[in-house]
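Next, two complexes with chain A in common: one pairs it with chain B, the other with chain C.
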Partner chain A sequence: MDEVINRSSTIARELKTGSGAEVGMQVLKESQSSGTVGDIYVDDPRMTCRNVNVYYGDKQAIFDIDLDIAKHQVISMIGPSGCGKSTFLRCLNRMNDTIDICKVTGQIKMEGQDIYDGGLDVVPLRASVGMVFQKPNPFPKSIYDNIGYGPRIHGLNDNKDHLDEIVETSLKKAGLWEEVKDRLDHPGTGLSGGQQQRLCIARAIAVSPEVILMDEPCSALDPIATAKIEELIDELRENYTIAIVTHAMQQAARVSQRTAYFHLGKLIEVGETDQIFTAPRHRLTEDYITGRFG
Partner chain B sequence: MHTSTLIIVLLGLMSLAYYLGRKRSLNLVSGRVRDLHSLPSYYGLHTALWCGIPAILLLVVWISFEGSVVTSLVVDSLPQETQNLPPERLNLVLNDIRNLATGDIVSTTVDENMQQAADHYAGLQSISNMAMFVVALSLAIMAGYIAHRSISRQQRARNRVEKAVNFFLLSSSTLAIFTTIGIVLSVLFESIRFFQQIPVTDFIFGLEWSPQTAIRLDQVGSSGVFGAIPLFAGTFLITLIAMVVAVPIGLLSAIYMAEYAGRHFRSLAKPVLEVLAGIPTVVYGFFAALTVAPFFRDMGATLGLGVSSESALAAGVVMGIMIIPFVSSLSDDVINAVPQAMRDGSYGLGATRSETIRQVIVPAALPGIVGGVLLAVSRAIGETMIVVMAAGLSANLTANPLEAVTTVTVQIVTLLVGDQEFDSAKTLAAFALALVLFVITLALNMIALHIVRKYREQYE
Partner chain C sequence: MNKQQQQQHERSMSRVEKGLARRYRQERNFKRLGLGAILMGLLFVSFLFISIFANGYTAFQQTFVKLDVFYDPEVIAPVGETDPDVLSAGHYGGLVKATMRELFPSVTNRRDKKKLYGLISTGAAFQIRERVMQDPSVIGQRESIWVPADDDVDMLIKGHIDLSLPESDRRIKDDQLSWIQGMQEDGRVEKRFNTTFFAAGDSREPELSGIKGAAVGSFFTLLICLAISFPVGVAAAVYLEEVAPKNRWTDLIEVNINNLAAVPSIVFGLLGLAVFINFFGLPRSVPLVGGLVLALMTLPTIIIASRVALKSVPPSIREAALGVGASPMQTITHHVLPLALPGMLTGTIIGMAQALGETAPLLMIGMVAFIVDIPGGAMDPSAVLPVQIYLWADSPERAFVERTSAAIMVLLVFLISMNLLAVWLRKKFERRW
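On to the complex of A and B.
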């Protein structure tokens, strides 16, 4: 905090003297009222979040978060347990709506459309912002029906052939097709943990989302399955925007281009992944990534 | 002296043994509990168990054989001509002797022989009593003493006590099983007696039920036909109606409670729904007979339908209402057991709440719901009070719910109510009916439990 205060007083001084106004603007742009260090803005963002606050009953879980999410990029959200990174992620497709006591304020826009606008239906939103959860949660249905579930709900299955095609391409994109193509009618719950998680990713892809949110997608998986998922995330970046919450810092370093560090419900620092892990600018970020706490 | 006195004395001895055993174990190591194999209380318990259990086992054996031994001694002392009487007559005489000995009413005049026998009986009884007392107490003291002496540092008292506890637990659980077996056997043997008089095929495939057997040959309307089909048809008709009422209402209310209702509404509505389960079936019975049945009859009259005043419909509907909480609470449990992750997965794909319920939650919970419904069916089949009051007695073979039908349970009740001779086909028929009913509900329960268990494993 001290750093921020110091910096803003420097800005004030510089503004007063009129010198270095450009530098001042630059710094001002970086450090908003929320006190986030680093560049929260990107050019041509997929989603923009402004002043996002989340309350569980009387308790505030997220404080004034401003963040842009860029297209065709992986942004990872790291931070100690309970720092609000999952809560923030769940705001992005309004999954928090399913929790009665949860209240979200502020503005989250997707392609200029406020997703918390009262008139907006969550059904198309969740179709365009898919989600993959911590624990693989395939439905107790066949592999085919697991993938077909979303398209059927959204009426994308005009005919059987089309649905077959969706199932096949989704499974191919998720790198699961070769492993399951002969047993599409087997229950999805019979697959291994890693396969189940890839099935869940394929299930999310099947409704052709623009953004995929992943809430610690590898925390229930072994290292080999994790490596496969990470590889997959990297491939998916070409077509989708991905926001991933992770506990493993190496994972964030491996798969993401931008990293956001959360601490006690605040967004402390955001920046290029390389920069965050090699030259963190905020002391808390540095403490966390060097393993001083977490 | 009475047996209960003996048991109280034994319990006293056991607590004394506990105290002494515990004290001795402590004395052995002069208070250093760590040097003992087990905690001192285990040594106490060990001594107490040795003191009590052999004596109690002896008591049980003694009491179960006492009667026959004393009786046979009395019989031996009776005059020769009495001993030669046929068994039933001899039994009567012995009953009189017992009554005379205990001071109850005697059926015949008391002669000298009998008085003598009664005195003999009473004498033997008191000797046996005293002997039992002395033997049991000395056994308790002796066994307790030996156990007390055997206490040593290395004695594995804890293991032995735990073994004894294990045995008690085992015997408690087998008691329930043996009771079930006993019930099945008693029903089975009486049924076999019935089937000796009436062929099994007549019973199972017969289309007419008229259990009144003629006392005189010229009696009218007492054919004594035992075809069980109309009864089972009536039972299934009423069960079907009950299920048509209970399953949709129960299931839908469970879905509402589990998925839609707010916390406030749920906390109010759930207890109220469970009150339904707490209403005694006899209350449902007169509700059906006095309120619902006349209502249906009058409704039928206005619609131009002939509804009998004791219709299958009324009994079935009320039984369905009775079963609603059963279905709804079982379904509520299985719906709540569907992991939140399933819901999240579905919502995350943009499914609405109703799509999630219809396409994910209900299919996932279906096996459990089916199991619950089957349990409810077996409950409905065995239900008695409502149908006794509201379903009627005439055994009609009909599929029309507006007519009066009768059920298996109703017939069992009417066959056994009142003074009955227990060797006529009419009375024995009740056991045969009970046997078939038991087999059906047992099969349903087993299928239901199997399904429910299979469902439980699904998410693990």
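On to the complex of A and C.
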């Protein structure tokens, strides 16, 4: 019931603000997909998600999500806690496979290849879709081994020198090299929280992924460390596609080009970050970013 | 605040204060109770240790008697003989007797002579034979050597014989007493460190019996037990914790493992008897079967400890490994297992310590036999430490009482060092993240 009212109010507002053609498009899109407001399609997608539903046992956590993720862009996913941001993000590298009761339906394609296709191995997928977690989780090993682990198990390095090189470039890309180059043999767990998180980013980079997923990467960090990570995300955009879940709207505004707003497992609105934050089209989005709930 | 409210407030405050005193009192009482419980525990433990030590420390010494032995060529073999067969066939017991007769020429009566010979351990003859076989050139010569005294003499010297009893109730008679006194005055009696206790197997003669056979038997038994229960236990834990789907079957298995951990150990002995000895036809009393039975018994302990260790590895580490594309197997072997290993080892060592002290199941598979030889492998009949203690505790000789306590001390030393090893491992590999 609520839903219907929300929907109609959105459309009503759009009728007031938008041009007729746009509204027409919008209505058309709503009729063919899940009711997301905004443009779910992009010209040059790295990943495309269609009709994604996720269930934890009998409980459905994600409803009918359609979304494209563009190359060399940062897309941020925002929404109140428990709305399914992490769940959706974890679909993109099949991390949900590790949860017994979790079931994913629909289609997620990467470069035209369905990643949930039975024949596809998750190992190469996870190598090309890296992940950074909420709590920094370096292995209790040396800094060097933290970075070197991924390349080693995937056989990416030809020899020791090559591995040294991978470790160095990964740490440089993650902006950590200068801080740790003299103590690569020290445990990664001995670094500060912010450094640990950058170490985890470097670890993800080391296997040369195309996409990096970040699930609230700064929520355990202080403002200075957060600023560094945000800066880093902006730099990484050049070479990688990044999807970041965040509960800090300012962060989404600062680092991302596109923003997707989730509510109760549904993708409510997606669009250019500027537009979402300055002119949200759906009332729920507006309520959320103006701080009426969340 | 009106007057009524004021009164109300004061009343409730006074209640609270009264209650406060009671709460503090309860807290104090609770603390006292806890402290009392700990003190009680400490008291019992120290009582145990003190009584064992007080009973047992004398077993680490043994009374020796100095004999001037004449290696009589007529009794042993002609001078110059080196053939070990001939040398070992000599009548060495006769040498000891002759020496004793020489020492106390006044003893002529047959019955008295027997009492006189009884002062020296039968082990003396073996010792002299060893000496001659080692160096045949001593034949024909005279030499002073120290030989073990009989256990009754040993007990007398250690003050365990009550001389106020009438002679007929004593194991040392009056004339024996005077002979011993004579030897003592000659400086022929001495207490020395009891190497036999650590170097020999079991024996009917207390002064010749030692703990080594049982210790070696325990070692082989534990080795078999460890070699089977550790890999199987860890593999089972990894499978149940990391691989198996969570369904009714795995729940059932889990319940059964927990139940097995609570099964009385003697039942495992019966199982071992039925399966390994009666069905598979393995010999009785051997460490192999003992180890198998103890492995069955310790498996649940190890599985449970290992699962706890695996559970305590934070999921974030698994996610990290899976996130960079490690396969589930790689995640387990590269990350989860190394982090869980200290916990697994601790559990295993505690399981082993339990197995080391286990007696009942070993009785069922015949490890209670009297075995003199020190076992050379897992297929040789042998005793184990706790069973040896049981056997000695059952022996009537006074000298076995102190040996029982000494064997308990040895067992306790092993147990304590195993537990210390477990603590050390835990401290050393405690997770640092």
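Going forward, the second predicted complex is superposed on the first by the 263 of 294 C-alpha atoms of A that agree within 3 Å, B and C clash if a C-alpha of one lies under 4 Å from a C-alpha of the other, contacts with A are read in each partner's own complex, and residues count from 1 in each chain.
Convention: contacts are C-beta pairs under 8 Å (C-beta built on N, C-alpha and C of every residue); 3 or more make two chains touch, one makes a residue touch a chain.
Computed from a predicted model, the values in this text were never measured in an experiment.
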Clash or fit (per the criteria above) of chain B with chain C on chain A: clash
First (chain B), second (chain C), both or neither touched by A:173: neither
First (chain B), second (chain C), both or neither touched by A:254: neither
Chain B versus chain C as contact partner of A:282, first or second or both or neither: neither
First (chain B), second (chain C), both or neither touched by A:198: neither
Chain B versus chain C as contact partner of A:46, first or second or both or neither: neither
Clash-bearing segment of chain C relative to chain B, given 22-30, 76-84, 130-138 or 166-174: 22-30
Chain A positions touched by chain B in one structure and by chain C in the second: 93, 95, 98, 100, 122-127, 130-133, 135, 137-140, 149-150, 153-154, 189, 200, 203-204, 207
Parts of chain A lying in touch with chain C, wherever the complex brings them together: 93, 95, 98, 100, 122-127, 130-133, 135, 137-140, 149-150, 153-154, 187, 189, 200, 203-204, 206-207
Touch list for chain B against partner chain A, complex: 262-263, 339, 341-352, 355, 359-360, 363-364, 458-459
Chain A partner contacts - residues on chain C that touch it in the complex: 245-246, 314, 316-327, 330, 334-335, 339, 431-433
Footprint of chain B on chain A - complex, ascending: 93, 95, 98, 100, 122-127, 130-133, 135, 137-141, 149-150, 153-154, 189, 200, 203-204, 207
